[in-house]
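Structure below; questions to follow.
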Amino acid sequence: MILPDDDHFHDECGVFGVYAHPEAANLVYLGLYALQHRGQESAGIVSVEERYMHMSRGRGLVADVFKPGDIERLKGSSAIGHVRYSTAGDKGNTRNLQPLVVDTAHGGMAIAHNGNLVNAVELRRALEARGSIFQSTMDTEVVVHLTALSRHAHFAERLVEALHQVQGAYALIAMNQSRLIGVRDPAGFRPMVLGRVGNGGYVLSSETCALDLIGATFLRDVEPGELVVIGPDGITSYFPFSPGGPTRQVAKRNLCVFEYIYFARPDSTLDGISVYDARKRIGSCLAKEHPVEAEVVVPVPDSGVPSALGFSQESGIPFEFGIIRNHYVGRTFIEPQQSIRHFGVKIKLNANNRVLQGKRVVLVDDSVVRGTTSRKIVKMVRAAGAREVHVRIASPPTTHPCFYGIDTPNRQELLASNHTVEEMRQYITADSLAFLSLEGLYRAVNGRVGGYCDACFTGNYPIPFPQDRRPVQLTLLKGA
Amino acid sequence: MILPDDDHFHDECGVFGVYAHPEAANLVYLGLYALQHRGQESAGIVSVEERYMHMSRGRGLVADVFKPGDIERLKGSSAIGHVRYSTAGDKGNTRNLQPLVVDTAHGGMAIAHNGNLVNAVELRRALEARGSIFQSTMDTEVVVHLTALSRHAHFAERLVEALHQVQGAYALIAMNQSRLIGVRDPAGFRPMVLGRVGNGGYVLSSETCALDLIGATFLRDVEPGELVVIGPDGITSYFPFSPGGPTRQVAKRNLCVFEYIYFARPDSTLDGISVYDARKRIGSCLAKEHPVEAEVVVPVPDSGVPSALGFSQESGIPFEFGIIRNHYVGRTFIEPQQSIRHFGVKIKLNANNRVLQGKRVVLVDDSVVRGTTSRKIVKMVRAAGAREVHVRIASPPTTHPCFYGIDTPNRQELLASNHTVEEMRQYITADSLAFLSLEGLYRAVNGRVGGYCDACFTGNYPIPFPQDRRPVQLTLLKGA
Amino acid sequence: MILPDDDHFHDECGVFGVYAHPEAANLVYLGLYALQHRGQESAGIVSVEERYMHMSRGRGLVADVFKPGDIERLKGSSAIGHVRYSTAGDKGNTRNLQPLVVDTAHGGMAIAHNGNLVNAVELRRALEARGSIFQSTMDTEVVVHLTALSRHAHFAERLVEALHQVQGAYALIAMNQSRLIGVRDPAGFRPMVLGRVGNGGYVLSSETCALDLIGATFLRDVEPGELVVIGPDGITSYFPFSPGGPTRQVAKRNLCVFEYIYFARPDSTLDGISVYDARKRIGSCLAKEHPVEAEVVVPVPDSGVPSALGFSQESGIPFEFGIIRNHYVGRTFIEPQQSIRHFGVKIKLNANNRVLQGKRVVLVDDSVVRGTTSRKIVKMVRAAGAREVHVRIASPPTTHPCFYGIDTPNRQELLASNHTVEEMRQYITADSLAFLSLEGLYRAVNGRVGGYCDACFTGNYPIPFPQDRRPVQLTLLKGA
Amino acid sequence: MILPDDDHFHDECGVFGVYAHPEAANLVYLGLYALQHRGQESAGIVSVEERYMHMSRGRGLVADVFKPGDIERLKGSSAIGHVRYSTAGDKGNTRNLQPLVVDTAHGGMAIAHNGNLVNAVELRRALEARGSIFQSTMDTEVVVHLTALSRHAHFAERLVEALHQVQGAYALIAMNQSRLIGVRDPAGFRPMVLGRVGNGGYVLSSETCALDLIGATFLRDVEPGELVVIGPDGITSYFPFSPGGPTRQVAKRNLCVFEYIYFARPDSTLDGISVYDARKRIGSCLAKEHPVEAEVVVPVPDSGVPSALGFSQESGIPFEFGIIRNHYVGRTFIEPQQSIRHFGVKIKLNANNRVLQGKRVVLVDDSVVRGTTSRKIVKMVRAAGAREVHVRIASPPTTHPCFYGIDTPNRQELLASNHTVEEMRQYITADSLAFLSLEGLYRAVNGRVGGYCDACFTGNYPIPFPQDRRPVQLTLLKGA
């Protein structure tokens, strides 16, 4: 069994929560469906019904994890859910499922977390030193412990006390028997939005596309550093990390710019900016920065499609589906022993010969990570008869790994970190290769420079991080 | 559990066969992957190893049916496979799996069949009257019986004797311990191509896209009425149904024109015509026949994409992804009890508001069957802010059911069979609605009128058929 | 994965049928539960509801094969079922499931068969020669074909015509939409009983123990050569194989005597003789024939228990459970690589040291087949401290294989076929070894000699059989 | 789906551990097989390989939970395992699986626990108050927390500090990366033995029968209050709960006397007393205390068998299997809607009519809990023709629930707690009913009175316990 070629950065999670709706768990189930692109390894839902917490979690896609009976058993009018893309280190670790649910002195609580804490290991060591025990290797368990340790009277206060101790990226949804809380870290690395649903209910989601599916009304983005408490007394907003007290003041915003390039679904809107529009402007910008003589603009589907369309509209070169994607591909498949050319990529992508034959082709992709897939695609396109293959990448070269919740290779494995663009062009065997500039990216996304985390392109990490990504190894608990 | 909205005609099968390759079963497995769009209900592979036939079949997608151990057990250098879209009548009937495999006086044989026989019930009754027993409700079992009854010495002769007795549409692959046979009915309703693979091996497939995946070389289409026998002595071609003897003379070709509109994958080439190209020309033709003032051309994904692109290129109106498709949707999903607007369609398609808001939208879809989904999509697009919605359909109105291997509703359920275009427009709530003309369709596909089966648009059935589609009911065998 | 040691002859099947009961399928399910000892490889139920036949079959124990939903779907007031112990040749062949169900010119029919036909291969060859096709390698499929070929008007007549052509051992239950038929071959090799259930319903079963469970009343044994037709017009009995016409005359009875020794459940009654009583008398007889000085009589559980009790009561030597059986053992288990002494037997049987230590032990077992397990048991008993181990076998030496529906090793593998008793004693390392005499067996079972098939002890085969058991190999169809 | 009738007290667990064996996990797997009678709801194994802990746990029988791949993945030379009979309160709670595994400041640790802590809720509340979080509702999690909180340098010391705080019954096995620890509570409620295996390895087990299976040598019982530490430096024994310091002094032993009556396997030896021997002496004693005129002694299988044999040998009344048990019964089965007499008991037990007909029957069972099953059995025996049914129970009346690790009904549900023996006789419809006296029980087990916990017969609870068994309800976490 091998995995289909997929040389991308991967988002680690999507979160979704519903408050005060008679079918809370079912709406969360649908919300996770719409957020499935943010994580395909495992999924989970926890609902609360008075002081009982009901849970259903498992490995696999939302469509496979939950059966009708599961949703029925998830009673209660509030529920939260999580989809997860597990990182290389914990593949096969069936304990790392979310939402996390525990019983504490204050009753049950559940947390669904998107992000990564840079001081998780240190905090874990300290917690263990005072006698805390851990059942998973997830950062989120640290937050749960810190919350449980707090002496504050209110759930939100306890959570805030916990979050004051952690550093890193997080958009998390917490729930106890009476409240639903959504919070983004002060930098706002990972997105979260707030909506209304049904008759007085509320919803929190990583992206707006999940609101659309359940017929919820978008209210607004949860702000960086904001904590939204939803309870029987309505919604209250706090800015607990703000230096000037819990009033609305966010010093610096650092939403992950890669959400616009690849992670978010094109029909989502982040911080008021349509992802689809941003991707089209990126393509347009790319065409201006790196024009090329060609007969056809071909996207690498699906992620390259909007930027290729933007490139085509700017350049006037016709847009065509020169590569067709097979959407029935499973997570793994059985490989023949005898080699087939460009096999790993062909299971998912096939060259559409008629479109390519004899043409000078502009091939638009969202990013180059290791370069292995790009190389196979270029070769496949050329084998289909393309006269020239000009690769245009809808982002700057990715030279640095991410420590804020995205699964990226080590720096050594990032092609751009130790190769010039010309070396990269040779490696992927293209006739030309060009990347969008950082300025172009900013211009395309929001028209002005700044306000995003661009560490993977620049190495400017907004939050200090350990030298080595996983400095201390935990006692890994494996299996289920 | 409900099914996501999908108001389409459905192809009933895809077939694939490999001869003389050390990894025959694995190549068939990959071929079925590439043909998955032709049938998602069940899949099966049979391989032959000397006089043993190994079989693996099951319900579900190729990725779910076959495990690595299954492929290993399918030993032998020849193998055939099948993917199936079961018709309404036999859903849940786990006995109707293909390929069929039986033991006969001449040894084992296996058959994979794409199509539908119009005289299957009569033949079955006659066979039963002489004592034959049936284990499924599939037409194909009739062919197997007739082949087994033949007194001819050679496998191909026995199969020909059987096929001389059946009427209808078929593209089938038969295999015994020494030979692989591909055959299309004299009208050539369903497609089949021939290719080379590996070192002296051959491959038969419903479509060329499956050849691409396994690195096979396309040789040619199997002709209507042609029987291709592949054996240790190479390839031999026969035209056994030709009035003037088994020489190459095909009176009339009737390839299903809907293959170009919807069934085939866009990267396939049928009868020398690229499906993608045909769809783009269809869109272009549609723009010429039914122009409209608008700001944006939006496809209903995925099937409407190439024709929408053609429409856009012809009309000059920008092409945009105004509807985003979620490709993670399973075959069924759990529905909330409380109604959500346009729910069935939203689980798969979401309006991309920014593209639609305030715009006059040309919505391009491949066909209208019952109209129920079209209505939901139009409403969803309008709810997203579209000012006007002009629906353009990339085919003529479908007024008649198919009896040649496609799953279509009864005539009464076909919206176009008993409504004018204006009535249909009102039903789907569009501002305007227009269909491609039959002439336009022919022009777009091959430049001249004729040579295709267009019964679903015209009621001109190339082969006489029973008044009622299922006149005599069989003793249905249910379960597994 | 290995199988627990189990060196026994194995019954190949149990059959059960219910007519005219609102919960027919559920009663069959329970009946199969009670007949599980007759076959643990697969199980199946077919019910008839007007002209529909519903089927549920699978590999494994009754408790695992059928889910509540399955039984619900098996609608109708008649149903038949089957449990199967597959023979070595077709292990893993998931096509050989029973009951067989087919559609014929006369409508659907289903058959559940216990037994073995000695001329099945010849009949199959002849059927294939006239064009019949086969989907399994089971004898039963021959009967189905022959029945379908008959021109007779009534189901029973067609079945009789078929059975007139077969030779061998069978107790079978056939069902069509209006009738349930039970039939035993003229020799009556395999058992079958008739009972009443509910309000006017009837039941057919391999053994009486299954009647007890469902609260049915035992009416009588179905006689050798008898065909019982149960229909809307009540019960009719025929003797179609009788030379003097279909009146009650059975020339020779040949019930398998091994049913009393091992196959049947001790709480069943066959031909008016309680199996438990017969086994106790066998033990008593064994004690008379082969007395021994000892302190304790220990059965090899579970099959040796009643004869050990009889031995104890006759000899006055105390009966003790010196070997304890673990009933939680699955069909296979994972074996450690490092060897453990007597491992294969220990997973199921453990020596009860306190009972054995320092004792002269009479170990009573039902039979010796290959002798491998006996050897391990003797060694385990001795390792537990037994001073002497005297093995007493509750049957004569098994020198010949069975061709009438029992899974036995080849003659070469039968320890008794090529070793003297003294050689066998040495092999199993016992202090003494003795077998019940054939006369003793007859005396114990029914008081007089004759009336049973004893071919496995004598080589006197009541029906001629082919030289070699499987002279012609079929095209084996493997997999599912 | 219903459960087969089984009106017994139920042991809650079995534990097993292996130290220093190359196939530790496989031996644990086999050990759990042999301990399956102590718990059938779930099973789990944890192995340690340097600082990694590998885990495999699941619901169901050992044979179903572990696949060959699972055992392979459980690498390392030490492993512990657990089988569990879940109590009514947490059925369906898939989080309550053992062994528990956590990561602490001192590295990973795993615990498998047989027993019940009477102050678990208080301790849990206190732990939660200081910020500890809980992931299950099992007592064992309290022990894990307390161990993690200890500041002691050594694993054994930390565990001892934890155990000093708990009150109740426990036999537990704890493991970290270098040591395996077995410990019994000071009263010694639950059993545990120590053995040697392989070349220098050690094994801990709830019962000796598991040692036999893996070929281990029995060394000795772990003493009440003893803590056995097995490590690279060999075995060390401590008595940390002894008032006079950690030297060998056990004030009072309170092994659960019901282990001899029902829980333990007959081939096990507890505290030097063979369970089989004890049961036979119990039957003998019962015959002396409550003689009866009868023709046959019949056990309720399997648990009543040894005491029935003892009764028979003492009384001289022949022992017969008048009730036959079907060992293929699953944990649940599908019940017909129409009532069948004595149904729940018949699925497992069938009357052997020939043995019972016209006889005065002594029916020997191990205990009467609710009396519902006894009543059905008596009726079934009488329906089979028994002239008189005299029930003899191999234990005193069970009048009080257990709080030390056994699943018993509430006091109100215990038939003996609020009925005289005569009332009980009438309820179960027996001709006579008699229970073994407490003195008789003691005499039978070890020859002298005292040394066991007999609270379920006397209400003399060795450890104070809360008024109500579950005084404070936890936030139940449900699901997986």
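Note that the chains take the letters A, B, C and D in the order they are written out, and that residue 1 is the start of every chain.
By definition in this document, a residue touches a chain if its C-beta (ideal position, glycine included) is under 8 Å from a C-beta of that chain, and two chains touch if they have at least 3 such contacts.
It should be emphasised that the depicted structure is a prediction, and the values quoted were computed from it without experimental measurement.
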item: Distance-maximising chain from chain B - centres being C-alpha averages; value: D
item: Centre distance in Å when chain C and chain D are each reduced to the mean of their C-alpha atoms; value: 36
item: Between chain A and chain D, centroid-to-centroid distance (C-alpha), Å; value: 49
item: Rounded Å distance, chain A centre to chain C centre (Cα mean); value: 61
item: Contacts with 2+ other chains: residues of chain C; value: none
item: Touching pairs - complete list by chain label; value: A-B, A-D, B-C, C-D
item: Footprint of chain A on chain B - complex, ascending; value: 1, 22-23, 26-27, 29-30, 33-34, 36-37, 40, 61-64, 66, 68, 71, 198, 209, 212-215, 265-267, 269, 274, 276-277, 302, 305-306, 309, 313, 318-321, 324, 326-331, 333-338, 340-341, 343, 346-347, 350-355
item: Touching residues on chain D, where the partner in the complex is chain A; value: 51-58, 70, 73-74, 95, 101-105, 107-108, 125, 128-135, 137, 144-145, 148-150, 177, 474-480
